[in-house]
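Just below sit the structures, each encoded as structure tokens.
Note that chain A is present in both complexes that follow, paired respectively with chain B and with chain C.
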Partner chain A sequence: MASIRLRNLQKFFGEVKAVNDVSMEIRNEELVVFLGPSGCGKTTTLRCIAGLEKPTAGEVYFDQQNVTSFSPPDRNVAMVFQFYALYPHLTAYENIAFPLKAQRVPRAEIREKVGQVTKLLKLGDSIVRRKANRLSGGDMQRVALARAIVREPRVLLLDEPLSALDEKFREEMRSELGALQKKIKVTTVYVTHDQREAMCLADRIVVMKDGEIIQTGTPRELYEHPRNLFVGYFIGSPGMNFIDCLFDRNKLMLGQDKTELLISEGLTIELREYQGRELILGIRPENLSFLLSGKEKGVGRIKVKVISVEKIGHFKIFYFYLGGRLFKGRASAKENIAEGGECSVEFNQNRICLFDKSSQQSVLY
Partner chain B sequence: MNKSEKEKMNARKDFRREILTERRFKILFVVPTLAILLFLIGYPFATVIWSGFFRFSLLRPGVPKFMGLGNYQFILTDPLTWERFIFTAKFVSLSVVIQFFLGMGIAYLLQREFKGRGLVLTLVMVPMMMCPIVVGLSWKYMFNTQWGIINYLLGVLLNTGKIEWLGNESNSIYAAVIADTWMWTPFMTLLSLAAFSAIPTYLYEAADIDRASAWFRFRHITLPLSAPILVLALLFRLIDLFKAFDLIYTLTGGGPGSTTQTVSFDLYKRAFQYFYTGEASAYAIILLVIIIGLSTIFIKYLTRLAEEQK
Partner chain C sequence: MVKLEDITKNFGEITAVRNLSLEIKKGEIFVLLGPTGAGKTTTLRIVAGLEKPDHGRVYMEGEDVTARSPAERNLAFVFESHNLYPMFTVYNNMAFDLKSPLHRLSEREIRKKVTKVATDLHIDHLLDRNVTTLSGGEMQRTALGRALVRIPKLYLLDEPLSNLDLKLREEMRVEFREIHKQYGTTSFYVTHDYVSAVSLADRIGILYRGELLQTDTPEQLYRNPQNAVVASMMGAPAMNFIYSRIVEDKLFLDLERKIFLELTTRDLEKIKSDCWNDEVVLGVWPEDVEVITSSRKRSLEVTIGGVEFQGVEILLDLLVGESKIKVLTSPDFQGAPGEKRNIFFPREKIYFFDKKSGRRIYLD
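Here is the complex of A and B:
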């Protein structure tokens, strides 16, 4: 096991800056998720850690050791590739045994170790004996994982390991993967574009965009205090509501029609430097509470007309227009919300996010 | 529309529906090809089988004498035939093994990107594109004992004496193997390259991550995954070498004596120098059976490999 440190890592492919000046530290035994849309440089960063790409500039450290010039075999990392990259001509057993065989581990020891991981990953005998290319997607995934952890690597790298699985199975594997990582305590870097995966698994999430780190933090930090419009937009489902606004003394003027929203004293103090500045307000659906019609007076409250209601399990999503933008709010399923009816909505003052319109950076905290 | 026009239309419809049915239409396409094939392959083949049972010569007209299996018996009991077979076996196996390993080795080196790779590839392929007669003649001059460049170079570099490449019984087989290897190794290289490049890069990346050495990677990934194509290339070379004639004809002329005569060379002599047409036909059938036998073994192996990798 090892900690990982990236120092000013850069990787350019011709003119394209795939990774642009990434610095960060991953602690020993931590599970860090690199999250971002495709093309954000998260996989390239991972491949630089693995040694499969040679960085254009910058360094990679494992513990205190500079491994930048090391080839993948010398780094002793394990990796699960997006499409598993199992050896198609070998059986599942031979695939798992491959890294041990390559290191000339005695046969009896190989058998024992493979036995251990197959048990850990619940790979039955009939699966283990099968050719790799005859396995189902989920089993391929398990075999790839088994191959990765069979030899106690310093670092475990996972490149979108669940993206090739179908929805139902993905959730199952996700929780198994999380439990497994905690059990074997290996420093893990996990790359995904699926924010839900990131939220469920990560000790810390690194949000990337255009080759740069946008924000690093625990899932909760990122969810509640996005430092940037992009993070707020990318994390959470259903997504954050956004609307242009102007700050004026003790209220925000929302949207084109300047709908007034009174804000709390605390928020007013925080925003004092932004008098008259163009901002973007972001608020998550669950921080918009549903109130009955007629309760629209007061801080953070506003009168709206409900357009439609969706019932999703134990809660409801209600849609309404505000300042020319469609908003989503979340309410308990017990709430009796009439489509087309009027109601009041309260903005949770502690959960309002405000971003500068030009820089898109958060103006709070 | 008058009546006669209507009748014409109907007639055309009938023609389509009843005379030129789909089935007949298909047959119409196949028949010319089949006729040409029968004429060019079927007829000569039948003639060869037929002639194999008779004693006759194209040069001496007259009634062929029926021999039954006499020709076959004569050929297979003739010790000279066995000498030809033994030489052929030596020549084929030596050449095939050398070309296989050499070709694969060159392909392995040419796999990775480097400057001028395209040019090197083209140059490597040149010998294969030459006419075997020319190759045979060129090597004949190069192997010349007195003034050939091979002896000159060997003399300069290794200080060897004048080696009698073509005039000495035990050396001439090597001369033949060298010339054939020079010409046909590129073929093995070409097919090995194709086989190697069909292996996806991510498998090598996975092997790299799994800390496999270059040899381990080659042994456990490259070789098994390219095996079907390599076996196929081997089969091609084997059959081709078994038929080797033109290169040897110009290089050694079958000599010294008759020591470098391959079976096909022998066949040529019986058929077109002595004009023992009946005997040569039987000989040809024997060779055909051997080649079919060899191919069958290889193809069986090949299908098994393909099955395994499915």
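Here is the complex of A and C:
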């Protein structure tokens, strides 16, 4: 159990700034997810927390204690990797018991602790007695997790632990992991590129790009109030729609052909200082309502032509062009949307995101 | 356009495909959907001519092609691992098949075809690049382009998008449908991914353990599954199944028999007559379960097991007796694990399946 503090952390590999001035605090028992594309610095940051990487500058604190110079064993952290790293010729039991054996814990105590942890991770007797190289991917990952938590570490670190598993199993493990972490109450740092995992597991998400923290917040905060275009893009599936726009008095001019979109008074007031500034509009598919043709008068409404419709169970995704860009809207399955037909689309004024074109920062919050 | 008639294929003692009959109409995208090991790839290979069936016949445009080799069937393949020629450029990969003497095309004609398809797939700027320098999505597009230049009778695709990340998969799906329409092609697409299947298919065939359970439009399969197995494959999140039993004219949803579903006498009689041993599996889509503020007639009390914010919706884990069900609700939902709520299953949204056979029980 520990709170973690990263202060101006930097890690350079020659010219490459893998981690560039990262500062943040992780509360005791919190599950924080570092989320970002390949190469954003999330794994390097995790390795700095583990002690596997020595930072070029900056410090790592566990509970106010500066652990920057401590080796991994001295930090009492446990780590789970993408590729389990189990001893293939040892049984699941022996793999889990290994760290305790290394600490010279008495046999009976080992048996008890391993028993508790295998129960927690739903590893049955037949699995526990099997050699690691004869286990399925999912079971191997469970064993790797068991081995990590049996030591009761201060901090649990996971580096893309579900990436190697197939889709269906990943979904199961996702919820199990979340429930597990809440039960054992260990401070956890989780690294992934999969935003669904982040949304499902995190108390807070840290979105990273090019070695820097772009935004930190709860899943809801990041989803509803992205402070940077990249966050709007990376989180949510299907992704946010984006288009260049210019603000002019009481409307937005979208895209190359400057399609006009009337906006609400509230939004007009907020955008006062951005008259004539180059902006980018972002809006999620579910915040574009489908209306029948002929209803395009009014604030936030535009007439469009539907290119195609995907029906996915209880909802539909409809595609249309606006200002030269392909947009996605989301509607309930009941809506009758014809491919090739004309309709109106309404922008939810409370959910329009606007970003400065050069800085990519939100101009609204 | 393509017809499979009573196909059976065995591998030793294992029957991979059993009595399979299906038809692929000209110009459609037909998707074969099923879990790993269901027999999808075997079926695809039989259509291709890469496998000979032990029983049954394959017809293309009315002709019996069962004995013909793949080359003679005029097909194009796009597989999971794209199988591009690593030492060639994008252009040469796409042009390769066209250079064969079978096609008798001039260099200029080849260049024209390749450039057109490459432009449609947004890879025209990559034509002179070596394929090993491309990203996953670009490679997949090249593989698709290589198939499209030939304008074969049929495209066979085996999980072509599964290695791509989510965002790219979404983009490729839209592009594939556009190209398909534009080129007027016919495609036979095999996958285990429900979302790809429903967004691409004109019709879907559900394959399970070598047998074709039901073939219909995605919409119909979702609304009208004939079997619990079909229902289990047609949604994300999947359909909720609650094991229930009829005892003394009530349908109980839990072992302690405290929770029961109120049904009309007529409905109960119908269910009883169509199920074995009064054991029924009740099915309901997560999006069809209504979460209500207070109890009312025919509502059930449940406990919240988990609340997951998914952006556009909230996914709830609810406990109904010993059963766990998933419910999709508005992102404004307030509640925490341990709290009690009331839910309601609209009658027309409940599916009943015979527990023993999985067969759907239809009420009037």
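Everything that follows uses one rule, which is that the second predicted complex is superposed on the first by the 365 of 365 C-alpha atoms of A that agree within 3 Å, B and C clash if a C-alpha of one lies under 4 Å from a C-alpha of the other, contacts with A are read in each partner's own complex, and residues count from 1 in each chain.
Simple rule for what comes next: contacts are C-beta pairs under 8 Å (C-beta built on N, C-alpha and C of every residue); 3 or more make two chains touch, one makes a residue touch a chain.
Because the structure is predicted, anything quoted here is derived from the model rather than measured.
Enquirer: Under the superposition described at the top, does placing chain B and chain C together on chain A give a clash or a fit?
Expert: After superposition on chain A, chain B vs chain C: fit, no clash.
Enquirer: If we overlay the two complexes on their shared chain A, which of chain B and chain C does A:98 touch? Say first, second, both or neither.
Expert: first
Enquirer: Which partner does A:52 reach: the first (chain B), the second (chain C), both, or neither?
Expert: It touches chain B, and chain C stays clear.
Enquirer: Report for A:223: first if it touches chain B alone, second if chain C alone, otherwise both or neither.
Expert: Touch partner of A:223: chain C, not chain B.
Enquirer: For A:137, select first, second, both or neither according to whether it touches chain B, chain C, the two together, or no partner.
Expert: neither
Enquirer: Under the stated touch criterion, which partner chain does A:319 make contact with: chain B (first), chain C (second), both, or neither?
Expert: The answer is second: A:319 touches chain C but not chain B.
Enquirer: For A:71 in the superposed arrangement: first (chain B), second (chain C), both or neither?
Expert: first
Enquirer: Go through the superposed model and pick first if A:39 touches only chain B, second if only chain C, both, or neither.
Expert: Neither chain B nor chain C is touched by A:39.
Enquirer: Is A:81 touching the first partner chain B, the second partner chain C, both, or neither of them?
Expert: In the superposition, A:81 touches chain B alone.
Enquirer: Looking at chain B versus chain C in the superposed three-chain picture, what is their shortest Cα distance in Å?
Expert: Distance of closest C-alpha approach: 26 Å.
Enquirer: Would you mind listing the overlap between the chain B footprint and the chain C footprint on chain A?
Expert: None.
Enquirer: Which of the residues in chain A end up touching chain C in this complex?
Expert: Residue positions touching the partner: 166-167, 175, 178-179, 193-194, 196, 199-200, 219-220, 223, 235-239, 284-286, 308, 310-314, 317, 319, 326, 330.
Enquirer: Hey, which residues of chain A end up touching chain B in the complex?
Expert: 50-52, 71-73, 76-79, 81, 83, 85-90, 98-99, 101-103, 131, 133, 147, 151
Enquirer: Which of the residues in chain C end up touching chain A in this complex?
Expert: Residues of chain C touching chain A: 36, 165-167, 170, 173-174, 177-178, 193, 195, 198-199, 218-219, 222, 234-236, 285, 287-288, 306, 308-312, 317, 328, 331.
Enquirer: Any idea which chain B residues touch chain A in the complex?
Expert: 202-203, 205-213, 216, 220-221, 224-225, 308-310
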